[in-house]
Every structure is written in C-alpha cells, then in structure tokens.
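Chain IDs A, B, C and D follow the sequence of writing; residue 1 opens each chain.
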Amino acid sequence: MQAGDLLSERTEVVIRFNEADPLGIVWHGNYIRYFEDGREAFGKKYGIGYLDIFGAGLTTPVVHVSCDFKKSVKYGDTIIVETRFINSPAAKLIFEYTIYNRDNMEVVAKGKSIQVFLDKDTAALQLINPPYYSSWKKKWGQP
Amino acid sequence: MQAGDLLSERTEVVIRFNEADPLGIVWHGNYIRYFEDGREAFGKKYGIGYLDIFGAGLTTPVVHVSCDFKKSVKYGDTIIVETRFINSPAAKLIFEYTIYNRDNMEVVAKGKSIQVFLDKDTAALQLINPPYYSSWKKKWGQP
Amino acid sequence: MQAGDLLSERTEVVIRFNEADPLGIVWHGNYIRYFEDGREAFGKKYGIGYLDIFGAGLTTPVVHVSCDFKKSVKYGDTIIVETRFINSPAAKLIFEYTIYNRDNMEVVAKGKSIQVFLDKDTAALQLINPPYYSSWKKKWGQP
Amino acid sequence: MQAGDLLSERTEVVIRFNEADPLGIVWHGNYIRYFEDGREAFGKKYGIGYLDIFGAGLTTPVVHVSCDFKKSVKYGDTIIVETRFINSPAAKLIFEYTIYNRDNMEVVAKGKSIQVFLDKDTAALQLINPPYYSSWKKKWGQP
C-alpha cells in the first residue's frame, strides 16, 4: 500500500423477491441493507469488520446515512455494491457507496454513511481515534 | 378468573407499504411479525411480555412456528391478530393465532408458536416450569 | 388554512423486538420504515397518501433519503414521528422528519426524503406539477 | 434423471448483522427468508423459479409454512439451506428444508412450505396440475 491509496471493495447482491414492493421494484429502505452488505465485504477484505472492531472493545453505531436513488432495480436483478473508505482526521468511519446494476453497469444508487466509535462497555464516545483505528489506518496508508 | 378460562387478546395491525410484495399482497414471511405483535399485546395484557420474562431471569426462544394462509391481505388493509394461550403441562409457552381482515372479519391466516424457557445467563433449557411461569399460570387460573 | 401554513403530523410507533439488533438498539435501517410510517400518517391527514396519489394516475418513488441518528432507541420504547411538508416550486414531494422518544421527548433522529412524480402507466417523470398535486397544494395553502 | 429421483439443491447464506436480534441470534422470522432463498436456488437449478412460473401465466402463493428451530445461529455464521422437492399428486408445490450451520454441519432448523397455483390474471386456483407443471414433473422424472 502507498500512503493515500484508495481503499475500496465490490460485492454482489442478488435481489430477493421479498425485497421488492408492490411496484415490483426494490423498496428504497432496503438499500440501507445493501450498504451494510458493502461495509461487511469491505471489512472482510481490510480486517475492519464489525467483529474485528468489537474485538478491540468498540462499537461503531451509524450516525448518518444518505442515499440518492437513480434507477430502480427489480426482483431477479444482481447489483454490485462498491464501498469506498473516505479518509478523515475525525474519529469517524466514513464510507461512500455506489451501487450498479450488474447487467449494464448503470449506477442505480449512491450513498454515504458515517459511524462513530463507542467504548463497547461504557458506550462513551471516542473523540480521538482509538488505538485500534490508528493502527488500522497506518497499516493501510491512510494518513 | 376461573380455572381453565381461555386467555386471549386481540390487537390491530395496519399493513405497511413495505410489507407487500410485487404481487401487491403481504409477503407471507411478514405474518411471523404479526404473530409477534399478537404475543406482545397478549404479554402486555397478562403481564407475560418479553421484558417481564427477561426480568425473571429467562428468555423464551421460539422453537416452532407454523402458519396457514387463507386469504391475502394488501397494503392499506388493517388486520386483527387474535392470540390465544394454549395451556399445557410442558414447560412451554404455546400460542395459537387467528388473523382477521378487519373490513369483513374474514379469517386470513391461522398459526401457532411454541417457545421454551432458557436461563438467560447460562442458556440452560428449563425442563420443568420455572417458578415465574408457575406463579403466572396459577394467577390466571391455568392448571 | 392560511397560505404558507406549515403542514405536519405526528404519529406513534412502538418499537418491535425484531427491529432491534444485537446491540439491543433499533437497527439504523429501520428508521427508513418509521419515516414511511410518518409519511403515511401525514398522507392520511391531508389526503395525499400513496393510494390517493396512485388514484390520480401517479406513483412517487423516493429519490433521496437521509437520516441523522442522535440517540438510540430500544425494544419497548415508543417513538413519535413528526413529518413536515416542505414546500418547493419543483415537482417534488419533500418531507422532513423529527423522531422523538415519547418518554422524554428527546430527539432521537432527524431526516429528509424527496419523491418525484411518475406517470403510473408510462413511468414518465413529471417535470412540472401534475394537476393533482397543484390542486392539493392550492387546497392546503402551499403557494 | 430416473423416475422418482430426489430433486434437491443446497445454497449458502451469510447471516447479516441486521438479521440478528437483541439476544445476538437470528430472529426466528428470518428463517422464512432463508427458505425462500433455498426455493430460489432450487428454482434456478431446475428451471422452476418464480419468473419461470410467472412466464407460464401462473403465480404460486405460499399457503402453508412451518419451521422447527433446533439451534441458534448468529451474526457472522454461514448457513447451508437444503431444499428438497416433495412429489405429490396434488396440484401443489411442496418443499422441505433443512438448514445447517456450515461450520459443524449441525442441523439448525427444519421446515416445510406448500404453494398452490393461481392463474396470474384471474387469480383462479388451479385444482389440477397446470400444463407447465405437468411438463416440468415429467422432465424431471416425478410421476
């Protein structure tokens, strides 16, 4: 890794019948699940999954999420969730997402999430980077 | 209460847009939520809600659930979930459910659930009625 | 109604057991459902529910949603979802949401959604206000 | 295929964070989704998926579902859903399911679903096997 390299991962999700609404398209709230699927895949690749973080004595509740919906997807489609780590000096975990329809690689949605670090026992908000996160950032060249 | 009285409760649930599937009807898996809504209402009325049970040092995982679907319901409908306590000598919590469409009181589904008691700390299965449950049964005339 | 009056509605939602996650708090994605519950209550009060809109030959897919999470809520809590109509010259349906914990009226989340109008048969995007929406705005004093 | 061969398929599902409940284990209602994932994988292998059936002018609503829960699974586990076609003279689609924890191949749940055939336009119940289904059964040696 070079300092400043962009960290990202892509994962595929097949749309379930029960994720589509009466209009035959995926109900918009389900995209928040797909973002979580993306974060999960990212976490697995870079060793910063929910259980890694929990093992370091922390939880990372989501404090912000947003999504812009560009195209609809329907039952049977396969989407690709691209998750990008956004480096920041704050003690926050920031990701941006782009979701593509695998068939034509059209962008179907874009989004963002922000998580903070809490001590898993006291729930105290960590205002500066916890050691686990500082090490992780160093390892992956994120100044 | 007389010994052997039937304990039951009715609660209303309004069908959400996001609970209906591409056929415009409620996705069948959501009925399991409505059963839980029914159990919840029952628990509130008779003092045997999840938090009451947890307060007595127990959890009650569901070990069986079944549902027969008679009529479809759609977004905008209101259903009535009737939850009936089924008395049994076993250390189990058994409920039967009948779901009605409030508009015409037609039966839309019937179901059943069985829960067991676990110690909340050790997860040990309780083979005989825990004291909390024995007292509750006595209080409500369930021999 | 006076021109420019703020249109808003409040509705209560009881947090279901199955909406909470392994941390014991409501999984963040479920707030998107609560926003929909809020919109639904608003639509019922002001005659602009999903079925009213559909009856006018239109659908209103969500094109943007965002949420800021301030406090956690847990199973058994009751929340109040306040939904406010945000007037705009664009052919869009814009709502802002504030979610309160009913116990202490603390703000637990704030959010926003934007919907566009499509012809329900052709799926054509309506770039100017459809007659149904213009009438509705006039009726409720939204210039 | 030989007449009477057992038709079955196995598919893997990774447990999502948002599928686990405050006890840290998968909320029981989610197993109904896993059954649907199993049916989906079966349908893909044998050409009897939802969209195949819909293309033949039919829908197949679920009229019965049941599940026995043997072991809990938690966030991060991977399960294997085994879906078996149960042949029957009735105009019904019957499946049985066994869900295993991939780590130790312990059985975590067993279940069953029954679907009927409706004409997709008239919603008329098909009392005898629709031609599509008869052909499918013949092709796969199910007398």
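Structural remarks
One rule holds for everything that comes next: a contact is a pair of C-beta atoms (placed from the backbone, for glycine too) under 8 Å apart; a residue touches a chain by one contact, two chains touch by 3 or more.
By chain, with names taken from UniProt: A, B, C, D = 4-hydroxybenzoyl-CoA thioesterase.
These numbers come from a predicted model, not from an experiment.
Of all chains, D has its CA centroid at the greatest distance from the CA centroid of chain C. Counted by C-beta pairs in contact, the busier of B-D and A-B is B-D. Our note on geometry: chain B versus chain C, Cα centroid distance of 30 Å, whole angstroms.
Note on chain placement: the centre of chain B and the centre of chain D lie 25 Å apart, centres being C-alpha means. As a whole-number value, the distance joining the C-alpha centres of chain A and chain B reads 36 Å. Shown for chain B are the residues in touch with two or more other chains, namely 17-18, 23, 29, 33, 36, 75.
For chain D in complex with chain A, the residues that touch the partner chain are 16-18, 33, 36-37, 40, 50-51, 75-76. Looking at the complex, you find that chain C touches chain A at residues 23, 25, 28-29, 32-33, 36, 59, 61-69, 72. If you check the complex, the residues on chain D that touch chain C are 17-18, 20-24, 27, 29, 74-75.
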